[in-house]
Amino acid sequence: MELGGAVVSGIAIGSVYALIALGFSFIYRTTGSFNFAQGQIVTFGSLISYSLYVSAGVPALAAIVIVAIAAGALGAIVERVAIWPLASRGDDTLTWLISTLGVAVLITGFAERVWGTIPLGVPNYVGPNVIHLGGQINLATPYLIGIGSVLVAAAAIEVSQRFTIWGKAMRATADNRQAVALAGVNVIRLGVVSFAIGGALAGIAGFVLAPITFADSTAGMSFAVLAFAALAIGGFASHWGAIFGGWLVGITESIGGTYAGLQYQDIFVFGVLIVILLIRPEGLTGSRNVRLV
Amino acid sequence: MSDLVIESVVAGYGGTDVLRGVSLTVRQGECVGIIGPNGAGKSTLLKVISGQLRIRSGHRRLLGKDATSWPAYRMAAAGVRWVGEPRPIFPSLTVRENLEIGGMTRRGVWDEQFKRVCELLPVLGQRQQETAAQLSGGQQQMLAIGSALMSAPSFLCFDEPSIGLAPSVVNVIAELVSQLVSEGVGVVWAEQFLDVVLPRCSTVALLRSGEVVERGATSEFTRERLEDAYFG
Amino acid sequence: MYGLSERRGLGAAVAGAVRQSGAIGALGIVVALFGLLTSRQDYLLEGATAMTFAIAATGLGLALGLSGEYLLGQIAVFAIGAYTTADLTANRHWSFWPACVLGVVAASLAGLVISVVGLRISRFYFALVGFFLVYLIPDLTQVADSQTGGGAGLAVPDLPSFFGHELRNRGMFFLALVALLLSLVLVQNVRLSPLGIQMRWMRVAPLSLATFGVRVWRVRLATYVLSSALAGLGGAIYSHLSGYLLPDDFDLNTTVLLFAAVVVGGATSLLGPTVGIVLLYVVPRLVINVSGYSDIIYGAVVLISVVVFRDGVDRFVREGAAKAWWWIVHRVRRVPLRRAASTVDERQSGVSATASAVVPNVDELADLLMGLRDDSVTRRGSLVIRGARKAFGGVVALVMDPDDVVAIEPGRVHVLLGPNGSGKTTLLNALCGVFELDSGSVSVGGDVVNGVSATRLARLGVSRSFQSPQFPVEMSPVELLSGSLVTMRRLSYLHWMSSDLAATRARRDATDFAARIAAMAGLETAMNRPCSGLTSGQRRILDVLLALVTRSSIVLLDEPAAGLSNLERRQLGDLIRALAARGMGLLAIEHDLDFALRIADEVTVLANGRRLAHGRPDEVRADPLVRTALVGGAGV
């Protein structure tokens, strides 16, 4: 039953990666850019959760709202300082890749300064610590919250992008930014909004993660890398790709960690990523993205 | 007051001024042809009119209001729409969604305008569920124009809409322009080739090296005179 | 070669090479003086560290700046070079020099492996793979802890010795300096070589590169290996600087450092990456030294630099100067606008001049262009496509009948007409191997070449121009044309890397020849300026020239006359006729009926993917079916 347990906890942790990946893909599909500071926003979310829930004793439900707002604001700030000053350049992906990475370094430095580098423990938010799923498979409640929140988030995004005019405008922006402006829409404001939504998703992921991995100011890069891998594996075509990819990364990590040792778990993920990209460069659910020549 | 006015505008890229003090007035219900050889600044002028390029000195006024510093989205929202290269369409969205975005700023007139666009450009109505990427080049140009019409604009800028298109498509566009003008839309149409523009416009401005060198009623411009002007 | 004298310009070429090396020399002298004069050991150590990063960044400049490849894993390759060298000296007691060589080899091999992945996946995915590699460094050192010391680190006690002298801080400083200067010279030579120009093409238009007959995968592979070798060299020296190697040395911060250095310093410039390292590493470390806030300051410096110098320091300075000039002219001197503008125009001319540019002698230009070709190529025969059918995801683009033939024969001009969406460009793409037909056949001189790549077809003598041409905008028309010419000389890479006399001479001749062709084609006012300033007509002419400056016997032109003035059209038509008279076979897609019928020997009209008509221009002109298809009704 060790395998079953590994798969279940893999899906659970993978859901958190998926939540972060959703933020990535949301921002990408709207603005055509990635926020490489997304991983640091996750840690920021965890650390704020610690301060609110543990230090200040704020109820969990209020804490998650405050975390989402704060992380959303941070996402918007990232857009303002790292994307907006470069927006006049049009379609140059390289510069904002660096500028968001610069912000990532900045947030890490700031978080280390405020919260220190020692991981901070956060107790479980609700109910019993563990739910028995039958046999020897157990699931920690925080994971359950993770699975639930990623499904809700994906459904909400999907519905809004299919059926609301602003959602459609966000898809249109990914296609042709200038044309959206030429239709009379303030694309800069649209970009800030999407970074804020992406940031809020990352913040919620941080909130969910805090009881699982502790609030660790130095862990930002690992979240970014693993969520990005989830997205690449799943494909950019739909939000379900991010979820599927997140689960696959989570399961690989958890099986690799269980059977080969912790230092191998991410090497396994890397191997899976390479194999999948070589076979299907567009990801498992994606449209074609392969090099022509 | 129902004018779009450009007053001694200087604009350009980097260290170069492409336009050097150009003035132009477009009234609603008239079609102004902008002609001139390659590199004369026709596209730049249309970018200035539609707010896509910053004005370095000079003024832009829309319906009596000072619009000199308005960015492109504000000009568009105020009723000045632009069609040119790269085409302002969304390849991965359906034709219908493209039109919806086109009319985003004026959702009140949506149903009415959609019906009208489908009448004027039937191909868009027929293929409304297909993605824009599936359309041919000419149809995509129709879609770009249809999207602009969705907001019931007061002014339309066409930057060489005929380039790369078959004559039959150009004819459709030209007829459409005539109709829009008769309904009170102001049109600015930039073209390099005289025979496309001349018959459709009431006024023509001839641009050379970033300046308007001649301007007047179309009837005053004989072909010979224009060719002289082109090749100096 | 090219009918120009071999001796001419050789002296000038050598002088040019010296001038180009001047900046590298000046850098060397300044840094060496600093190394000799400073007495602070920490400056020497930080300086040497900065230079090892600069070596890696210079390599990254090739991959990222020239080729546009997101090698985000450069610091992981740097680490491979460092750990290999350190393992050999610390654990196996090798001497530094062979260990260093092996470190570079190991890094190059890593580059080769990465390139296999890079051949398949594009930009962001590739960036992710690199990013992931950096993230894995601590795990990988754990796994190989007997070699790397794991998380605890690896002590590297032995100092390299040079003819019996132990290289201490100052010695290592100069070792790093020599390595940096050599790397810069090597990269400079690569940039000037055909490979360097191909790298730039690969960034903007890999498809164009393939249709020039260049194997794109080889360019990509060479890029990765060169870039990785330099990262390995930097890493090898780095490993012996502090005496201790930790996995944390190679983290997000150093990844960002290398990448940002290339962008901030100016992605396409030679010394840019080094300048970037000075700005992002040396300045924050040595000038602003506030302990405890280093991450915050470093992140802020990266962010601010990227925002301020987004196009690179060099562009920033140049554009700043241009803006200042504009401001002075308009505001300070209070010159009337009109006159001020014309002074600007005189410096940036070429706008109005094109309309009146005259090809002095179309025949002379045609002779020069045909002189590039030898007889074996021109006798290869016709390019024929038969019964072509092609659909893209259910949308049918071409549905010709099985016996319908479009043939491009030597010495004849074949024009393809048809309304938009009729399949003209699809047909042209199938003809030059951009994709394979669903059914039907393509043949060259009778040999069926179905499924043969664009590169192979280019080598069989088929070249093309593009509907919306793209160029590496930082290069001038002459540089692009001469790059294409120089590729034909087939000098070995050893010549190019060392930039010896043969290479210098080849480059010089090609430049002269390219300048002559460009001037004859009416590009003289723009030919030595970056392509970013070309008008659409000039871009079109340049693209047609690039298709002609090959050894191809068959040339396919996709709307060559779009956006040209009447005069330019007439001249292009004359040139096409003159080339056909000398044995070239041409296919041109056209919209302008008069122009098309004037240049054509043979016309094919397509409508909705079918062949509507075919014949002599006068026959086609008289065909009523064709009239309705092209002038009104059909196709919309």
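Should a chain be cited, it is by its letter among A, B and C, assigned in written order, with residues numbered from 1 in that chain.
Convention: a contact is a pair of C-beta atoms (placed from the backbone, for glycine too) under 8 Å apart; a residue touches a chain by one contact, two chains touch by 3 or more.
All figures in this text were calculated on a predicted structure; none of them were measured in a lab.
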(request) Classify the chain contact graph as line, ring, star, complete or other. (result) complete
(message) Between B-C and A-C, which chain pair shares more contacting C-beta pairs?
(response) A-C
(message) Roughly how far is subunit A from subunit B, centre to centre by C-alpha average, rounded to an integer in Å?
(response) 43
(message) With centres defined as the mean C-alpha position, give me the subunit A-subunit C separation in Å.
(response) 35
(request) Any chance you could list the residues of subunit C touching two or more other chains? (result) none
(message) Residues of subunit A that contact two or more other chains, please.
(response) none
(request) Using the touch definition up top, name the residues of subunit C that touch subunit A in the complex. (result) 64, 70, 117, 119-125, 127-129, 131-133, 135-136, 139-140, 142-143, 206-207, 209-210, 216, 251-253, 255-256, 259-260, 263-264, 267, 292-300, 302-303, 306-307, 310-311, 454-455
(message) If we count contacts the way the header does, which residues on subunit A are in touch with subunit B in the complex?
(response) 165, 168-169, 171-172, 174-176, 178-187
(message) Using the touch definition from the top, list the residues of subunit B that touch subunit A in their complex.
(response) 50, 52, 71-74, 76-78, 81-82, 86-93, 97-98, 100-102, 104-105, 107, 147, 151
(message) Applying the document's contact rule, which stretches of subunit A touch subunit C when the two form their complex?
(response) 34, 81-82, 85-86, 89, 92-95, 97-99, 101-110, 112-113, 221-222, 224-225, 228-229, 232, 263-264, 266-267, 270, 273-274, 277-278, 281, 289-293
(message) Show me the residue ranges of subunit C that touch subunit B in the complex, using the header's touch definition.
(response) 319, 322-323, 325-326, 330, 337-338, 341-342, 344-345, 348, 351-352, 354-356, 395, 418-421, 467, 535-537, 559, 562-568, 591, 593, 629-636
